[in-house]
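The data blocks that follow each hold one structure.
The following pair of complexes shares a single chain, chain A, combined with chain B in the former and chain C in the latter.
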Partner chain A sequence: VIAQHQIFAFTAALLVPLALYVLLTVPHLLRKIVALNVMASGVFLLLVSVARARAAGEPDPVPHAMVLTGIVVGLSVSALAMVLARRIYRETGDTTFYQAEHEPQDEETRE
Partner chain B sequence: VRHAPVLVLLIPAAGAIVATFLRGRTQAWVGVLVSVATLTMVMRLADRLVHDGPQRYAMADWMPPLGISLYADGLALLMLLLTALAGTVVSVYAASYFTDTRDRNAPTGLFWPLWLLLWGGLNALFVAGDIFTLYLLLEFTLVAAVALSAVGGSVAGQVSALRYLLAATTAGVFYLLGVTLVYAEAGTLDLHALREMAPSGLFPTLALTSMTGALLLKCALVPLHFWLPAAHSTAPAPVSAILSALVVKAGFYVIVRLWLEALPHAAPPAADWAVATLGASAVLWGSWRALRQHRLKMLVAYSTVAQVGYLFVLFPLAAAARTAVVEATTYHVLSHGLAKAAFFLAAGAVVKTAHSDRLERTRGAARRAPFAVVAMALSGAALAGVLPGFGPKGKLIGLALDHGQWWWAGVMAGGMALAAAYTIAAVRHSFEREPPAPPDAQERAEGAPGENDARPPTGRILELAALGLTAAAFALSWASDRVLALLEIGWS
Partner chain C sequence: VSGAELFDLVLAASLVVTGMLVLTSADFLRAAVLFIAFGLLMALAWMRLLAPDVALAEAAIGAGVTGVLLIDALRHMEWEREAFAAPREAPPPARTGSTARVRVPAGAAAAALCGAMVAAAWHLPSTPSDMPTRVRMQMEPLEQPVTAVLLLFRSFDTLLELGILLLAVLGMLVVRGRRGLGTSVALSPPRDPMLEATVRLLVPIAVCVGGYLLWLGTFAAGGAFQAGVVLGAAGMLLWLSGHRGLDAVRPWIWQALVALGFGVFLATAAAGMLWWGAALAYPRGSVSVMVEVLEGAAALSVAASVVVLFVGLHPSRDTSGGAGR
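After this line comes the complex of A and B, so read on.
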């Protein structure tokens, strides 16, 4: 019989590489941000699985505290990433890195 | 001052909150004041460490694992001191750099809250006692650093900031994966508990590999440096100095804690050689790229890619000569921190007088900003090892030769020569005569009589700040033995 935490660990082992693949290959900035969140969720799932696997009776609370804190980190990073992506879109009309980077650059710096 | 370990991070954090509600000159004054207060508190902590040895501090008296414990030893202290010294000078520089903008709502008003938050985060990272708190602070400093690198407001700045954020957060997920594996194996996150257990086997090895890869990206070791040159060169000069001199060192600091303290027996075979080979390629490739740049700040940014390489070159010796390697490498961290901050600050002053970042447009800078050009030349010389006893590079090369690994010494000597070459490339145009102004510019100059000659466009504060940090880099070499003796506190 497969235990619940083994299913979690197996899912995590699938999610992380899949999300990393999308993160590296898909050019759309918003999809990159979503992929990053999926990848982080994969690791959170592994943490939850560890919390169960380590303790025979009640689950270990420390990994749960780590997951909660990790979710807050993920939220802050996603918020900042989306603000930057929106500003790039508004100023260049592009949703990827490429056009924004290959635009002819100003001769002068803006300082 | 029992609370000194926590005050060194609370003072800048509180300052950041206050600065959020201020603008303009008041904000700059508060920023400088908080910087001086932080520097003072770091000095008090130093005093306490020297007299009473390493300090352990449980936040709000909650014990681990659910409470957070701080730990300050000699290595942490040297990082705190570097950040406080370079940080205070950068604050003085920034107060002058940003306040001449007329626009009260300019995005640069965000500089002070973000910079003080980043400083608090770095200080917290240096005294953090467990690997999960280190994860949080790596992400915390990353968010502050990314937002800082975008305060200039240019599109190029936003693009490089987002690239930096996505790359480094991906690395952060891999770091957290490593933390998970360590916890699954050892059941503790505490650095010292881990050190006593010295876990080894499949999980710790996978964990260390995953975390090291993540941290190598954060400190931009070749080939994971792709995000750095753009992010560091498009930011305003004080931000570039902070990012290049201090933030990349945070990643390296965590690597030292993991490799030499928490997980000393978990490194996969030949990993130290792999890392050292990457370091050696960074020294050569980064220096070569720096030499080929046409933009001043891009040149300085590639110099950082090269200088990060030196930190890893002696990893194969760490098993045989742990203390000596840590000493020489820390010396390089400190020396590069001061010299690179000085280099970027000086470059910022030159760019401001030239109104351009292109090297060939900096003609005549030696006349308009003489101290900045001198600071740039001398801090570049410091990076090339022109210091008493050849500075940290002399120590690193000596160690490599002592252990018969002359090839590393050869690479580092080559890197020193290239550093001298790119420093010359950086200042060469400053000494050339200015080209005659094009006719329309001449008319404009006549329309506003005296504007061209009389302006010291930035005041001398910018130049003197850069010169002061250069002097600090040289002073460090004179007193290196006494400064590095601090490492022995709590480091056995």
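After this line comes the complex of A and C, so read on.
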């Protein structure tokens, strides 16, 4: 029988590498921002699982507070990244870091 | 397998599947909507892991605001694509996306990380932590451990967090090349009578819920950040519906609100250094008052920052190629 915190720790162990792979390989900037967010969720999941694993009754509030802070920082980072992505799009007409020869549409379907 | 275990297993599987779809779905709009669903599933997971504070924040910020920003960014990129389709000269051919040269090392890194994290998940420490008791013993006169950690024991984190939020707003202004923080309704999308009526009903409720969450934070799950985001969402709705209410908030008021949380925190830190022995120390006997002031300031700042970031992300008329009103 598997413990509850282990179920979610394993979920995190799948989500973080998947998101990292997408973050590194998919060129579309909005997709990178989404991947960053999924990766952050995975890290938070591991942190809160640690708090749950060591809980004898009430779980440790410190990781919870850290995750709360992390969620707000994640929002700030995503918002700034989206402004930058839009600026890149406005300047280059491209949704990636590269000046790709494909239309942005091709970029999407190629994934 | 008990019912609770089954629920956790199904929830974990849904998280992985939804996460996969968010990351790989070819239609980006679908990915953005699924991202909201992913955030709500995460909120459920937080509840299962006995973290209701995190669940509230995830539902409001992770699923709500980030999801809205994503869909919004996507929509505007599409508008701009149409607006720019004709005059733009073909971009010079350059490096293509990801080739095997990128994919192989990225795959290897991801696999290594997965192995390390699975190993960590196997060996998660399970010795009971005495931290909850220690926090409870020293958090007098506060009643909520998470609030106590955020504003008493690790208030430096919260100070920096508000600083990062402020930096995001400043970064947005720099990248957009804007001078002020006006949210002129003239820039908002076309009016829609259904939306206006709905918003008129929803905004008072959102304000009440925000205030309630702020008050709740003193003794139960809730607090400044959750309250601020709910208030900010009300502001986003007001602006989207073209309501004149936001015009009453002058640009300098937006600036003051955005800077308020970080400013009050900094002032508290400085006062603590000067008079009470340490940065972010509070005078004896006034801890609850100080925490309430800091929480109120943080909530207002979060709300204003969310509105300003959302409105600032919208292309103004000079950039949207006639997409404005």
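Simple rule for what comes next: the second predicted complex is superposed on the first by the 99 of 111 C-alpha atoms of A that agree within 3 Å, B and C clash if a C-alpha of one lies under 4 Å from a C-alpha of the other, contacts with A are read in each partner's own complex, and residues count from 1 in each chain.
In this section, a contact is a pair of C-beta atoms (placed from the backbone, for glycine too) under 8 Å apart; a residue touches a chain by one contact, two chains touch by 3 or more.
Since the structure is predicted, the reported quantities are computational estimates derived from the model, not experimental observations.
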Contacts of A:E91 with chain B and chain C, given as first, second, both or neither: first
Touched partner set for A:L18, first chain B, second chain C, both or neither: second
Partner chain in contact with A:I71 - chain B first, chain C second, else both or neither: second
Which superposed partner A:R54 touches (first chain B, second chain C, both, neither): both
More chain A residues in contact - chain B or chain C: C
Which superposed partner A:K32 touches (first chain B, second chain C, both, neither): first
Set intersection of chain A contacts, chain C complex versus chain B complex: 16, 20, 33, 46, 50, 53-54, 61-62, 65-66, 69, 73, 76-77, 80, 84-85, 87, 92, 100-101, 107-111
Complex contact set, residues of chain A against chain C: 1-22, 24-28, 30-31, 33-35, 37-38, 41-42, 44-46, 48-62, 64-69, 71-80, 82-87, 89-90, 92-96, 98-102, 104, 107-111
Partner chain B, residues of chain A touching it in the complex: 16, 20, 23, 29, 32-33, 36, 39-40, 43, 46-47, 50, 53-54, 61-63, 65-66, 69-70, 73, 76-77, 80-81, 84-85, 87-88, 91-92, 97, 100-101, 103, 105-111
Footprint of chain A on chain C - complex, ascending: 1, 4-5, 8-9, 12, 15-16, 19-20, 22-24, 26-28, 31-32, 35, 38-39, 42, 45-46, 48-51, 53-54, 57-58, 61-62, 65-66, 69-70, 73-74, 76-77, 80-81, 84, 88, 91-98, 102-103, 106-107, 109-111, 113-114, 117-118, 120-122, 124-129, 131-132, 135, 145-146, 148-150, 153-154, 157-158, 161, 164-165, 167-168, 171-172, 175-176, 223, 225, 302, 306, 309, 312-313, 315, 319
In the complex, chain B residues that touch chain A: 65-66, 132, 136, 139-140, 142-143, 146-147, 150, 152-156, 158-159, 161-163, 165-166, 169-170, 172-173, 176-177, 179-180, 183-184, 187, 189, 236-237, 348, 351-352, 355-358
